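Comments concern the structure below.
Letters A, B, C and D mark the chains as written, and numbering starts fresh at 1 in each.
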């Protein structure tokens, strides 16, 4: 796997996430009690032996730099290869600057310098514990120029409307890429992961820029689909697609399923993240916790049910938390009631405050926000 | 000195540097054979015991991230304190965003979180091996809120026109800050270094934003000069002020003076930089080098005089280099003649090519540029 | 504290009274407090006090200790300049030399100290559980212009005869040492933490090394010798939690201390964190039906049964119907359905089988439990 | 090469024939080639070959070697997972055990290897100067489905009797070892580089450890034993520069090799860099009037005199009028005005006084020069 570069980039719009993406790109959203979304993508790459990983960051780069930094938690703080962060540039000499192609092209020196011959692309907003090694062998053995990874999805509720829909022909041949409008009960969901030969990748970048016919790599695949040998690979595991507040909230609560948490947390290796050195969590006599994931460093004196509680949260006596995502260092005081809510980092819910949303549209408390009873 | 934060920021305009600042901020300019300008500022801080250093970067952030990274060469890759990079933001909620005050204010969390009570400000475009410890003791002993560091300069040629001119009263009292128009033979040059009590610094940021009367910290000092106790401290060593191509070129060549190079390279501790692991430099039988600084990894077969040669440069037989700055990995082929020139990284001067500028306006060859004989 | 202070951390102790807890590892590597190892406390104190250089003197079964410390990154000691250095015994032309005592271990590493040119050398032990700002000790030492300052603390009178007791004059100047005195004159015990002026220490280490009657121990030889020769020696009075975990019972007690409201070893204090190697585990999961009372639980646990007054390390499975009371459970254990465990210390990787019963709540015994054997104490 | 290969680097050698060059340090720490130490070559080969885990077996005077290696950051081995581990001797209940031979040193660290669960173990020596891609050796080893593969190289026939000679059949399968044979049957010498299947090695190390007649050496005991028991052993033919610097003269010669046009140890090859600890020195300054011919100069030097065919390490001052011919000058030396030095190896921190003369250009002797003494060879 050290023959493969890891490339991480997303096209998701932060505006779909409401207040929780005001100061962070969506791939930096807290997830699963102690992680950020992007931790899953990077860790899965590292666990499968990728040694050079480039992240094309969003505009709000400070949180990314703070969290990923030199890549130490992933042992990517290397002199030779390791982690590279590429914030967007908008002052080069290559015409328009929207789209991922201009950003990839602006780092051509990186593609030239690295010795890896293949590229593994991944979208950090889609969590899937792909066995990258197996998929890579398929890509190599079939002699494809590009292999796109998809998951067959049953989506009766239309949760995946507007997701990428891939059309697969016989022998896994790639036919086309469209958008799921939920007209069919089942569809093949392109999960934003793909293998590409590096020389083909570079050729596509250059062609797209010279021809001026597309700004997005995804569009270029459609455009050049007859020019290259493109096939598809089916992933059969669990997929979380985090595109907006609702899917973010749901993906967190899904972790209370033993099968899902086992797959996402353990399969194929540990998930690494920036360590915070919190002590163990203390449960007092008055606490009552049911079906919840609780991170370290919390002091729990109240009731918690069906919830995800992040690091260093304090829950007072008689407080009641249900179906909620409570992020790092939040404080919920005595007798407060929080139901169907997403509490961002370091929020404060005062004594006796009662907040709640619906399971389809959770109540959001923004970072640093304080809610107290008048 | 671990009571003092280091803050590095510059207001120099990259446009004054011509082609050599196209893709890098001026504080990232190569200097002295193997360094970048900012290495001197950071190393001097580290050598004087500062443990927390924040760099407010320019817009062209990629080269800064690549070079400073996690701060490893300065041992600033720490979990507790260390190096922080703050790229400019332009999407906060604090009115106008030009000026350094908005940028400082956007990192208020950093100033709140760190335990240091004092701030040492420094401009990376001005190189001066200030004994920060001595100056800090003066600042503390005189009980000042702010201490500005200056150098008395004799500037008959007007090289320092438009530099900050500080007016010093009796007992080192700060009187005012203006601009040097070279009407006097001597003037006191404010060298962009200052100590500030952190609480006063924060107060000035907040006041400036609330009052809306200034966007620059330097202006705020003038504005609030009667409100706080501000004094000055005289630095007596060598100062290089790198404001444009000419001063950049001159500062490099000044290193051929033994006194200057000894002061800048050795006084108060080593200058750290990102290491490149070049082997020693090989001088062949045909080489002839006179009064020059040569970095490692070069192969020198030709003549070099009064020049600064960076890492990994190749100079062919019969080539002649004089009064020039030749940056990293450039190749000068046989019998080429290069006089009064600045060759950026990885330039190529073909066989027999003859280039030259004047000592006041050096000939510039931009990064990756190839000059060959027709 | 910059380069002026270099800490030397003695981490070679075997700790044989801890029985199976130290069968494979040195005492400083014994797990403590739900997620730490004992040495984490001294290491975290050092890094929080701003000590940049620390030498760790190892000898007995250092493998796991070395794995735990790694390159020191958990404590921010993975530096290019200075940082942490593991100092095991080595050979020279005269052959190999094992460390024969605490003072000898430091003596053998005079080269390391000479290169760093410290002004002060701080001797620490990797066996103790406490939080201390060594800057306070240093400032006291400087203020007294002492040659050596010993950190001391009040111990209960009835226990004083188990310690090295320090008698001082009215200005806290040391006038007498009593090693485990049957009738102690006071109850101020040495904590085994010494701040030396390096020049003086260097002299006495060389002297001690030549002394054939010496066992090369700080407490027994070097410090008494300095007192004899009228060096300026002061006692610095430390107030706070401090424990030298000597036996299985005191090990269990110190862990249980953490569940006590009045416990003064506050692990949640963000201004003085205790750092340890990160295991990269997911959060703990508390299932529907679980009961958790006054307990500490660490990452990666899966709790379906009942816990009362217990401390669980990482990746422990407590099956439905299992009950754990007043116990310390080390990592990777499984407590099966129907098992009841009281007053126990359960070693790593142990499986407690279904319906197994260990101890009774009020029986005043401590059980050390491994997969193969149960020791009572 | 991932976790499948773990390298064990033997770095405990004293190298006594190098005289004053190894009076304070182990042989792998001896400076070489203008800015390196000998061990840099094996370490850089390992990192360039993608080996993530490397254990360094130290014993003799490891202090400077440990300082040089630090946390391994120069070779990119400062990892949280895996990376570099220094493995000195240690004690257990049965007391301390020094390493008694190359095989014993690895045997004593079976715990380290067991934890990493490698498929292959690569044995390296820290004494050799060469560039090798260990992946080629590994691929050959895999292709042959061998139990062990030994890297061999052709040596001049007249020198063959100084080496361990390996005789193979037509398929490169090893059929005989000859340790320093007076009449060698061929000139393929073992380079002391072995790729083992870990399972086989583990078995033979345990067997060897019990054998009271063994001196616990790979070349003398373990490999012959494996051959005797008909394990699949192959020789892999390495072509390229390789030197085991044994004497002061061969040390001087190997350095001088670097100034030879036809030298095959290309240090300028960017695809296979040799890494070393960074000294953070400014560029070298060549003054007006200096003469430099066919010489290598490192950072921090200040050259005012004349150099011919010489290698200068760092921070060396050559005063005006001083002349250095065919010499190797280690760091921090000063060659004063009027001094003439020929065919010398000048040790660190030496000052050559004004008008001093060492050697004559054609005298065919090598001079090892310290501040106190000059050895001739």
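We take it that a residue touches a chain if its C-beta (ideal position, glycine included) is under 8 Å from a C-beta of that chain, and two chains touch if they have at least 3 such contacts.
Computed from a predicted model, the values in this text were never measured in an experiment.
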Q. Looking at CA centres, what chain is most distant from chain C?
A. B
**Q.** Between B-D and A-D, the pair with more C-beta contacts
**A.** B-D
Q. How far is the middle of chain B from the middle of chain D, if each middle is the mean of its Cα atoms, in Å?
A. 41
Q: Give, as an integer number of Å, the spacing between the C-alpha centres of chain C and chain B.
A: 47
**Q.** Touching two or more other chains - residues of chain A
**A.** 72-73, 77
**Q.** Multi-partner residues of chain D (at least 2 other chains)
**A.** 73, 78-80
Q | chain D - residues contacting chain B, complex | A | 33-35, 73-74, 267-268, 273-276, 278, 280-290, 292-299, 307, 311-312
Q: Give every residue of chain B touching chain C within the complex, in rising order.
A: 2, 49, 72-73, 75, 77-80
(Q) Applying the document's contact rule, which stretches of chain D touch chain A when the two form their complex? (A) 2, 47-48, 50, 73, 76, 78-82
Q.
Please output the residues of chain D touching chain C within their complex, sorted ascending.
A. 58-63, 66-67, 70-73, 78-80, 83, 85-86, 88-92, 96, 98, 111-112, 115
Q: Please give the residue numbers of chain A that touch chain B in the complex, ascending.
A: 59-62, 65, 69-70, 72, 77, 85-87, 89, 91
